[in-house]
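What follows are several structures.
Next come two complexes built around chain A: one with chain B, the other with chain C.
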Partner chain A sequence: MSLADQLLQYLITGVSVGMVYGLVGLGITIIFNATGIINFAQGEFVMLGGMIAVALTAARLPLAAAVILAVAAVTMVALVTERLAIRPLRGASVIPLIIATIGVSLILQGGAKLVWGPEAVRLPAFSGEQPIRIGGGGIDPQRLWVMGLAALSVAAVQLFFKYTLAGKAMRACAINRAAARLVGISIDRMVRLSFAMSAALAALGGVVLTPVALMQCSQGTHYTLTGFLAAVLGGLGSGLGAVLGGILLGIVESLSAGFISSGYSKAIALAVALVVLWWRPEGLVRRRQA
Partner chain B sequence: MIYKHMTKVIRAVGLAVFAALIVAPLVLRSAYLTTTGVLIGIHAIIAVGLGLLMGYAGQVSLGHAAFYGLGAYCSAILTTKVGLPPLVGIVAGMVITAIIALVVGAPTLRLRGHYLAMFTLGLGMIAQIIFNQAQGLTGGFSGISGIPRFSVGRLVVDTDAEAYILVLVVLAATIIIAHNVVNSRTGRALRALHESEIAASVCGVNVARAKLEVFVLSAVLASVAGSLYAHFITFISPDPFGFRFSVNLLVMVVVGGASSVWGPVAGATLFTVLAQFLQKAGEQVPYLDAVDTMLFGAVLVLVVIFLQQGLVSLPARLRSRRRSSQEQGAY
Partner chain C sequence: MSLLRLSSITADYGGLQALRGISLHANEGEITALLGANGAGKSTILNVICGVVPPRSGQVIFDEENITGLAPERLVQKGLTQVPEGRQVFGELSVRDNLLLGAYSRLHRGDRSQVHQDLEEICRLFPVLREASSRRAGTLSGGEQQMLAIGRALMSAPRLLLLDEPSSGLAPMAMAEVFRKIEALRELGTTILLVEQNVSAALQIADRGYVLEVGQMVLEGSCDELLSNRDVRRAYLGKDYEEV
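Then we have the complex of A and B:
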């Protein structure tokens, strides 16, 4: 395999993993825009999505049904979370909210471990394992599923914000919550909607990634962190920025796994992101004036 | 009048019980109690620092396990591989930790609450990967064994009882430092900015600097605790220095209450006793670790919702409730 083929493969791996980071980052952005909360349980939604889909296919459900049910189940979990842990803290400062979402992430993580055990699990690939040959190398078709579904959901979210009434109301919330309330937008409903959407995005990311990256109950924290870094790299507040930030993070991780060290690849990607943010805390993408 | 007397009696009894608990491991000569006591002390040293950061600087760190590990690994590496005395190890750990905390804290503490939390979370994950991967230095999974007991010159902290006394001395010093910070100019400034950052900065308080000082102090305290841990257990591996421990520290501070210096001490005591018990029980019951992860998560959510000032605020709360019910009765 030539260097170019290798590079292509690393790029595809990086972009596909990065798009999942981006989906998590997009979800973090949506919740942040609607509520000002950074949800530290966001990565657990990725993990739960993957785990539930695996459990459902193991129960002999067809793959498509398992995927849809897993996303729906995680969305329900997010709504319950919002009701029980977030709403009682309305008006609280940053620290109690951070602690509450960390508490939720522990509950989900412990629950997942109790139900499915600590081992990594795998989902069958959506359309076979036969690699698609390009040049001297091959691409895992599942990577295309990851990229395709992620791109579709990002596009859907953008359209939702641009053209639907609920989407416009959520944007109004992000710009000025008090003013949004004055024109009759129900903040409660917007908060619920933001949790539901972001959980669905994260769960979908988890489900499509599980056939190639495996899933383990302890992995949620990693996705929370990478998702947050993606969101901040993208300027915290911009959805597309978060997706781009995630892709960048994924590429750095995959290139350093390929060319430097697989043991250190995650550390290198995190360190690069932290250094970039250290230098430019406002992110790489300048936030559009809303 | 009788009521005033009562509080004095309660306070005296409380102090006596407190003193008895502190000397109990030494008097009873129980190895289990002494070990638990040392661990409580070590946890309390870190928790007091983290409590300062949370209660007075209004910031959360999710990476204090990394600073704890940094202290432990510095001590372990410098004493076993380089052959330097333990005191050099502790000081080296403190210096390195302070530098890292400065580098991480300086830019992030100017930003809003969640930046420091995420940066320290990232730092913790990077540290965990390095502890595991840098085998030449850290021994990887298998860790470093044969760490000597702590000593200064010819004074060697040989027995567990002596280690317990050492930890108590360091904890006492930590509490005194924390009290001074709370009552210092910086402390007053921090309390002011906890009410309103804008008001504090208008009054000429350098908000970012005050937060940074507390963050560095709390990181250095974690590093000292890590060194003490390494010299006490005499063996370290990456496991105790992961994200989970950072969360445990958070539980200690939140449950105890960050609004007073004693809150984290109470939280550390309660947590450590419970954790020791659960660990023993976990040998018989499978999956208990998953259950206690859930339990601690639920505790965090519940305390934040129902008892935001932590356990130390409970007596004052009950008192004010009783008083208000008495007043109601008068009408």
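Then we have the complex of A and C:
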């Protein structure tokens, strides 16, 4: 394989993993905009999506049904999380709420380990394992699924915020929560909606990535941290910024795993993120002022 | 007939007792002015009515129903909407979206056609909002933003409109325009509770008024009575002893 072929491979791997980081970052941004808190359980939704889909296919459900049910189940988990861990703390300041999300992540991770054990599991690929040949190398078709579904979800989220009443109400909440309450927008409903949406995004990312990246119960933390970093790189508040940040992190990680060492890839991605933030502390996408 | 009645409300704000036994009422179809200096507790009264600040004791009665402590979004559904101080429009959203969000709970219930009729009516009342329909609300002037804030509140089809310092930060021309619109709203049948620091402007359009000093009502009466009251003239209208 020539260097150019290798580079293409690494880029596709990086962009596809990066788009899943982007989905996590987008979810973190949505919850941050609605509530002002950082949900440190976000990566667990990725993990749960993958693990539940694997369990459902193991129970002989068709793959498509398993994918849809896994996303729905994780959305339910997020709604229960919101009800049991977030709503009782209504009126508390941001720090206790963030600590509550860390508690939730530990519970979800521990619970998943009790149910499924610590081993890595794998989901069958959506449309076969036969690589699509390009030049001297090949692309795993699952990578196209990852990129395609992630891009579709991001587009759907953008349309939701731009054109629907609920989407506009969520933006109003992000701009001015007190005024949003006074015009009659139920903040509780917006918070529920933000948890449901971001969990569905993360779960979809987890399900679609599991055929190529494997999944294990302890991996949620990595997705949380990388997704959080993606959201910060994007300027914390901009959904598209978070997606861009995620793709950047995925590419850096993949290139350094390919050309340097997989042992250092995550550290290198973190270092690059720090350099970017040093250069642009406001993030890649400048937020428009209200 | 009074649409809103507060009886013996006490409330704390920032650890201090901000309201000490406040009673007032707003008659249907009238403008009731709530006057007083900065820090007298006027905004706290509005926040108690709107369910943002829970009172320590006392009752808020709206249309013969006890609404004390209900959440703001429930009160909007019941027909009681506040235009917050400083306008608080959603700057990054378009003027039209700001107005539609004012009707959020009605649209959520599926009241679509009536809402669009009201949108038309509000644009007739505030032509500037129709012209600026697709502009971002943050790009409007202060006076236009105040019109938008009032229009947004009207989109909830309120029976009682609470206006918190509508004149604050406005140039005299813009302020006069806003006050003319408030009078026009009364003609359309909306009951208004108007909180103002600009006492003379408020008394010119209001029917009745209350004067609040450090958390207590010190005066109440028709606007004519208040305008001719020695203390009001001296303390709020800038008249000298001789003129009084």
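Observations
As a convention for this text, the second predicted complex is superposed on the first by the 285 of 290 C-alpha atoms of A that agree within 3 Å, B and C clash if a C-alpha of one lies under 4 Å from a C-alpha of the other, contacts with A are read in each partner's own complex, and residues count from 1 in each chain.
One rule holds in what follows: contacts are C-beta pairs under 8 Å (C-beta built on N, C-alpha and C of every residue); 3 or more make two chains touch, one makes a residue touch a chain.
None of the values given here were measured: they were computed from a predicted structure.
In the superposition on chain A, A:Q109 contacts chain B only, with no contact to chain C.
Look at A:I134: by the touch rule set out above, it reaches neither chain B nor chain C. Legend: residue contacts after superposition of the two complexes on their common chain; A:H222 is shown touching chain B, with no touch to chain C.
Of the two partner chains placed by superposition, only chain B is touched by A:A267; chain C is not.
Looking at the shared chain after the overlay, A:P281 reaches chain B, while chain C stays out of its contact range.
When the two complexes are overlaid on their common chain A, residue A:I38 makes contact with chain B while staying clear of chain C. Which of chain B and chain C touches more residues of chain A is settled by the count: it is B. In the superposition on chain A, A:R181 contacts chain C only, with no contact to chain B. Contact residues of chain A toward chain B in the complex are 38, 40, 84-85, 88-89, 92-96, 98-100, 102-111, 113-114, 221-222, 224-225, 228-229, 232, 261, 263-264, 266-267, 270-271, 273-274, 277-278, 281. By the touch rule above, chain A contacts chain C in their complex via residues 165, 168-169, 171-172, 175-176, 178-187, 288-290.
Taken together, the chain B residues at the contact with chain A in this complex read 54, 58-60, 62, 103, 107-108, 110-115, 117-119, 121-123, 125-126, 129-130, 132-133, 243, 247, 250, 254, 287, 289-301, 304-305, 308.
Put simply, chain C touches chain A in their complex at residues 50, 52, 71-73, 76-77, 81-82, 84, 88-93, 97, 100-102, 104-105, 107-108, 138, 152-153, 156.
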